[in-house]
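The structure follows.
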């Protein structure tokens, strides 16, 4: 019995490892390291970038699901990563808490000014994915909530949930207090707008949740997105952040081509395929790149 | 090493001692998760180990299964159960308990098995029946090994309860994950120090328990 | 459980395993390299042992997730971030085994070797270490299986390996990924365990032959 199990384990590992032997031998070309933050949409975008680069014959190393921007930015600055799918508004808020730029053009100009010399951003896609505050329909009805301002009188009774970094971000609790005057009863660290946060909002463990606007869970669960009247969350166009030394002109061209074809409707549809239809990120990426003529 | 100096200061900031995200709250949550998991694991594994050891039936199969279970990755099992059963207290506790049962079970079984047969015979000759043999002879002699198993399980549980924070629960892991996401090193280090201290405290408690509970005649083992 | 997914994603699974193995095995090698000389020193100078043992016990109690989180900013997203803490864990497991193994050498054997003209170094290499070997290899087995499981914790902070199958699977709500991660981790542990048992047989052929040998 023990021998049989040992044999099975060895066979399984062999099956998994052997195919790699044949396909090995990476070229001497420079490797581009594509990273992603720790939520599925970012992983999908990174996978799209990776496949677009590979279609141009570039060798890609994937380092996905790393962590929050607070972690990934350090990695790309130090050269550990070459490409990251970023959101221009959030990136600007990270680089400069005091910035008031809101339009895509202004935000991008401000970002370029604030980035260290080793980094730059490429063209922004039209597609946007913003942070947002969400409540259940029941909560919205109970307190007559339509915009984030409507939260001010009742915030003290409500628990807000989001990723740990939301608490210390300008485009987070800090900005909600300074721009909207919101003081919540409690902030709960959950995950990056993922299953934990959605479940907490559904169950009522939290009353307000930080979710991303392209997340199908909002529509599926009938959550109400509160209007960001003061544009705290500004423009959030999907924009490739690159380490200049690692990304040559061909690679930049490939990434810009992806951005040119990506709009919010498309991104939302792709997220549905990922989250609702449960398709794999690499399949969703491949199908879309093919239909857009990019691979 | 200014990070360590900052971590030292972190402990003394008043914010850390009141409110939801405070050291006492997180510590309390961590103790709660660990305590419940350990009690359940012991409640399942010790009687089972005693039964298998005393009757000497099914020992081989059980011990091998338990040893195999040690190879299971805790993170994987917890995330699997949570993905299937949803976010909450039980989906996290059940895997913790399941993974803590093997060390207790194996050690309890081994403890009973290593009692010299002559002693068991002698006690039967003295007129003791099955249950009495178990309680008056086998368990006291097996106690050092049983305690070792429980101690191992306790340390393991205290360490892995940090994962509860990854799926939105509380506990000391909250400091580690939050600190990492916000790149606040004093918090990460502070959380780590607290978990280590708790683990060391657990070791000391069991050391003390061993001194109290194990019969002096067995101390040399 | 989606078998079709498994069939179509062998390269992905392969890459995760190939990331995972060095992160689990290298710490064991480094741990051995450190613990054997250190253990020898602790036996030679017994006063050294209690403080060193206490230090390694504390290292063992450190939660791996915390060590990975702290090291990510120092050593980056590379395997070093996992290897350093796991080497420390392996060290704390193996030190005890090396010392116990060396101490289990019967005094009579040691004296016979000296009587036969063995220098201390030769005695160590040809008599004491071989006798200690089974205990050390047993510890190596425990450390290796343990490491294989611990490397997956690194997945929680983006360090790759089979652990990433757990976090990806959790976020994408795909149980197949998580299950395959568990299955491959266990398979690695089984194979590693088997290899080390075989290694023990090869390195200590005399242990098999003697049936009446007194256990240390």
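Labels for the chains are A, B and C, by order of writing; each one numbers its residues from 1.
The working rule: a contact is a pair of C-beta atoms (placed from the backbone, for glycine too) under 8 Å apart; a residue touches a chain by one contact, two chains touch by 3 or more.
These numbers come from a predicted model, not from an experiment.
Asks: Any chance you could name the chains that touch chain B and chain C both?
Replies: Output, common partners of chain B and chain C: A.
Asks: Report which interface contains more C-beta contacts, comparing A-C against A-B.
Replies: A-C
Asks: So how far apart, in whole Å, are chain B and chain C when each is placed at the average of its C-alpha atoms?
Replies: One centre to the other, that is 22 Å.
Asks: Approximately how many whole Å separate the CA-defined centres of chain A and chain B?
Replies: 37
Asks: When you check chain A against every other chain, which residues touch at least two of them?
Replies: 67, 71, 74, 191, 195
Asks: Which chain C residues touch at least two other chains?
Replies: 72-73, 155, 157, 167, 170, 173, 186, 190
Asks: On chain B, where are the residues touching two or more other chains?
Replies: Those would be 83, 166-167, 177, 180, 183.
Asks: Mind listing the chain B positions that touch chain C in their complex?
Replies: Of all residues in chain B, those touching chain C are 68, 70-77, 79-80, 82-84, 155, 159, 162-163, 166-167, 173, 176-177, 179-180, 183, 185, 188-189, 191-192, 195-196, 199-200, 203.
Asks: So in the complex, which bits of chain C are touching chain B?
Replies: 57-58, 61-67, 69-70, 72-73, 145, 148-149, 152-153, 155-157, 162-163, 165-167, 169-170, 173, 175, 178-179, 181-182, 185-186, 189-190, 193
Asks: Within their complex, state which residues of chain C touch chain A.
Replies: 5, 9-11, 13-15, 17-18, 72-73, 76-78, 155, 157-158, 160, 164, 167-168, 170-174, 183-184, 186-188, 190-191, 194
Asks: How about chain A: which of its residues touch chain C in the complex?
Replies: It comes out as residues 5-6, 8-10, 12-13, 15-17, 19-20, 23, 35, 38-40, 43, 63-67, 71, 74-75, 78, 80-81, 191, 194-195, 274-275, 278, 280-281.
Asks: Can you list the chain A residues touching chain B in their complex?
Replies: By the definition above, chain A touches chain B via 2, 67-68, 70-71, 74, 163-165, 167-168, 186, 188-191, 195-197, 199-200.
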